[in-house]
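You will see chain A twice below: alongside chain B first, and alongside chain C after that.
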Partner chain A sequence: MADYSVPEIQEDIKTPALAVGTMAHLKPYPAIEKHMVPLAFPKQRVDNWQEKGIEKLGDMLKKYRSLQVYLDICVKCGACADKCHYYLGTGDANNMPVARAELMRSVYRRYFTPAGKLFPGVVRAVDFDEEALHKWMTYFHQCSQCRRCSVFCPYGIDTAEITMAAREIMDAIGVGHKYSTEIICKVHDMGNNLGIPKPALKGTLEFLEGDILENTGHEVRLPLDEEGAEVLLVAPSADFFSEPHIQSLMGYAKVFHQAGIRYTISSIAAEAANFGMFIGSFAQKQKIAKRIAEQARELKVKRIVVGECGHAWRVAYSFWNTLNGPFDFLDPRYPVPQHICEFTYDLLQRGALTMDKEANDEYVVTMHDSCNVARASRMGDKPGGQFEIPRALIRASCNQFVEMDPETTHEKTFCCGGGGGLLTDELMDLRIAGAMPRVTALKQVMKKDKVNFMALICAICKAQFSKVLPMYHIPMETVGGVHQLVSNAIQLGAKKGIV
Partner chain B sequence: MLTVLAYLVVGIFLVGFTHRIWLYASCPAPLKIPTTPAPVTTVGVVWRLFTEIAFFNSLFKGDKWAWVGSYAFHGALALVLVRHLRYFVDPLPGFFAHIQIAGIVAGLVMVGGLGLLLLRRLIIDRVRYISSPADYLWLMLLLGIGGSGLLMQFCVRPDIVHIKAAMMGMWSSTNVSLPTMMAGDFIFLAHLLMVAALVVLFPFSKLMHLGGIFFSPTRNQVDNPREVKHVNPWASN
Partner chain C sequence: MPSFELNGHTYETDEDGYLINLSDWSEDVAKHLAVTESVEMTESHWEVVNFLREYYEEYKIAPMIRILTKAIGKKLGKEKGNTKYLYDLYPGGPAKQACKIAGLPKPTGCV
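And then the complex of A and B:
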């Protein structure tokens, strides 16, 4: 393992002194021809990239109100400056949300405002040149699109919108990021981000069925491509192959089993994630989401349930209806889509599940809210249901639950450090530093309340924490899914079916 | 001359401001992106925007000193503007006698708030880093306007009777002239020119946050994407 510098964890989250360029050395791997061309992006940087980039920006200003308004109205009050986990972790000036957005604003002013054309020095307007593009590539790949800054902005300026636009402009001139483009190609080719072929997926599911049978004595099914099932389960593909994700997958399966509801996984839509969002492309978002709607029709299901994945839930909850709706071929009694937590919570409310909390007595549990669930979606019918419903499941599954510092949970939650298309090894320095605020809050409750399990509902958070927590001397087993706890506590065969 | 200038200044502002608002209003919002938890009804959204505009809710959560400075400035500015109507209305309704004191105190609070915002900009390393010359110039201009106003109120009075006559003359577009007899008259001229500069530059600057906030999708959208299909006008389906 490479030698990484890991920030020292303090008693509390401290705002660092401003430094210039501490993270300028990070180089996101550029996308290659093989992954750019299938996505209809130029295979490499185009010759007239400056002109094309400005043209694309102009085009997007007419398509995205958020971009036009947010480039215009920032007063640079600085309220967002110390809210970003990457700024807190690195102290790099360009990781202040306002400074990150200024990288685009300064170009916008130069080409689209009278002040920037006439007095570039006064309003800080810059040409879209090598230096500007280099900064875009560097720092728009140091934003995880977590939207924490937008919570505190007096105008709700959402840096995620600006980061997405910047990445879309860069893709349009042939300057992409390898990580996201490669994954999007995989989802188009194989149906999932990991590139798992159908036989391997089938093998894994059968193996897990055997595993559950062996451990519990119950025949819990993990069906694949079964037409006529009631529910299509769309989980992040990491749930099929990674720890601790797989524990939650077994949790979902047990819930379906216990409720007596027939469900299926689809090999073509064995992926909830939608990296189209990370690169800001509406067309890619739509195309990736479409195969799920098509599979729901083809398999003749009545409901779609989405597994534990943060950005996937944002896309599903907030965008699916716009992208591929209406879903009027599904059962109107249930929301489309439904989150697995909503699904399990509903069954719990109706008394269909029996839980043995003592099964999790070895754990003192806390909850990490994942950014896209917390700040960009909802569960249930009331605002804030995205906080209450997963917590209700945790409380129903264990006896010991404590909250972390309220300044770091709910809508003020900190990103894990690996979201937004940054879960890649070449950005490890950033990922480690960006986890600092969350790790600080976690260590506080580990010390005070003996917390040893952090439950959450995001595949990226799980992967990121499993990798990064050990660097902070926290065992990787500390992180796991909400349905991992459900899986431990649910009593199979206790009382079956919906009451 | 003065009347022509006044009409020109106001004209540029109105055209520029309206154009900007039209730009925001006509630009599509392709996706639902409210920052959640968000209201699930239109009434809830109106309330959310009201609390943002009346109390600077989000800023309060984000930065207490910025909130104190900007709330003092904006609140006081509103009162000062109302008090200034006395120079444009004749005969004066009795109401103005009651707010005269409040308006004068507000003038002091306004300048104090601006001073605090300037200090923040200079002292906090993060805010200093993001500040451009334009950000300082705006504060200087506003401090100049507020300062010259206070100077006329407390130290060097201009020929206010003559000035009001000139202002009233503008309503009827008659040719008017400003008094240039006393020192205070020159301060008034500076005050007026600074206000004119602010009004002209307004639509081309960050001051557009005044109109822009109403068009911020993270704040003005209802959180109901599952219940109601939000249509992106430039995409298929």
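And then the complex of A and C:
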């Protein structure tokens, strides 16, 4: 295995000394023709890329007023500067949100403001040249679009939007990111990010049914493509492949089983994730989301429930309706879409589930709020439901729960370091450094409260932490899903069903 | 395109050293890939590689970790049918490192 440099964890999250270019070497692998063409992007960098790039920026300024506003109104107050996990972890000045956004602002000023057109030097406007593009490719792929910076900006400037726009412009000139484009191609071809073909998915689900039967003595089902089910469950495909993800999948299955609600997974829509958001492409976002709406109709379900996936929930909650609505063919008594945590919580409230908290007595649990859930969506009908509902499930499943430093949870949560399309091995140094703030807060409660389990509801966070925590000498089993705890605690058999 | 030479042949790989053409795989290639990963191949290592190849042959995807651990447990004894044992064999992760040596494409997604 390659050697990575791992930051030393201090007692508290410390703002690093400003450094120049410490991360300038770290760019993602460039996308290849095979993955660009199917997404309607140029197969390689186009000859007149400068002109095309500026033209694309111009189009976007017209289309997205918010982008223009974000580019115009920053007063360089610096409130966001030390709020980004990538800056805190790497010290690279360009990873300060204000500096990251400046990479686009300086180009914007050059071509779209009178002063920049006439006196670029005076207003620090720069040409969209080789050097600028190189920086874009580098630092707009060192942002996980987590939106933490926006929470601290007095003007609410959302640097994640600027990152998305930059990636969209780069795709338009044929400069793509291999990881994201490859995965989007797989979702179009196979229905899921991992590229699991239907027979493999079927075999996997049957295997899990056997596993649950062996371990619990109960016939809990994981049905595939069953028309007429009440619920379509759309989970991240990592739930069919990786540890600890599978454990949450088994948790969802047990909840459906106990509630006596028929559900199905769809082989065509066996993926909640939507990387169209990461590359900032409306068209791709729409196309990826469309499978789910179509499958819901085809399978004649009444409800759609989304599994533990952070950005998928953002897309579902905030954009599904605009992308593929209206969902008037679903049962209006339930939220569209519904998060698996809302679903389970509702059943708990109605007394349909019996939980044995002692089943999780080996754990002292804390919760990592996943950014896209925390800052870009909601759950339930009360403000803050996206924080309270998963915690209510944890509390119902275990006896020992503690919070991490409140500066690092709820809407101020830190990204795991692997979000926004950065969960790829060539960016490992960035992923490790970016996890530093979260690891620091986790280590504090590990020391103080003997925490040994960090629950969360995002597939990317789970994969990222399983990989990165061991580098900080924390066992990978420390991370798992909220429904993993539910899975351990839920009592099968004493079937109450819905009351 | 990156590549490596072995016994007079050139083998194409992706940026991370995974074989591009599955049919390029042979035991010698696997041994070579294991060296690049600093993995010393024992019989147990081969069991994992062989299972991965068989599964891939049938399903065109690497198996879920749990299916792999169960299969290994059956072959090598129950005490070895767990994730920890697989990580002892392949510290770079059974999914990524073992797939590479088995000549399978790199699993990519939220993994």
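Just a few scattered comments:
Criterion: the second predicted complex is superposed on the first by the 499 of 499 C-alpha atoms of A that agree within 3 Å, B and C clash if a C-alpha of one lies under 4 Å from a C-alpha of the other, contacts with A are read in each partner's own complex, and residues count from 1 in each chain.
Note that in this section a residue touches a chain if its C-beta (ideal position, glycine included) is under 8 Å from a C-beta of that chain, and two chains touch if they have at least 3 such contacts.
Just so it is clear, the model here is predicted, and its values are computed rather than measured.
Once chain A is used to superpose the two complexes, chain B occupies space next to chain C without a clash.
Touch criterion met: A:207 reaches chain C, while chain B stays clear of it.
Applying the stated contact rule after C-alpha superposition, one finds that A:66 touches chain B and leaves chain C untouched.
Touching more residues of chain A than its counterpart among chain B and chain C is B. In the superposed model, A:104 makes contact with neither chain B nor chain C. Taking the two complexes aligned on chain A, the least Cα distance separating chain B from chain C is 24 Å. On the chain C side of its complex with chain A, the touching residues are 15-16, 37-38, 59-67, 70, 83, 91-93, 95-97, 107-111.
Contacts from chain A toward chain C in the complex involve residues 1, 29, 179, 182-183, 186, 192-197, 199-200, 203-204, 207-208, 211, 236-238, 240-243, 246, 273, 309, 423-426, 459-460, 463, 467.
Residues 20, 23-24, 27-33, 35-40, 52, 56, 58-59, 61-63, 66, 70, 120, 124-127, 129-135, 137, 204-206, 208-209, 212-213, 215-219, 223, 225-226, 228-232, 234-235, 237 of chain B are the ones that touch chain A when the two sit in their complex. Per the touch definition, chain A reaches chain B in the complex via residues 17-18, 61-66, 68-70, 72-83, 93, 96, 98-99, 102, 113-115, 121-124, 147, 150-158, 161, 282, 286, 317-326, 335-337, 374-378, 381-384, 386-387, 411.
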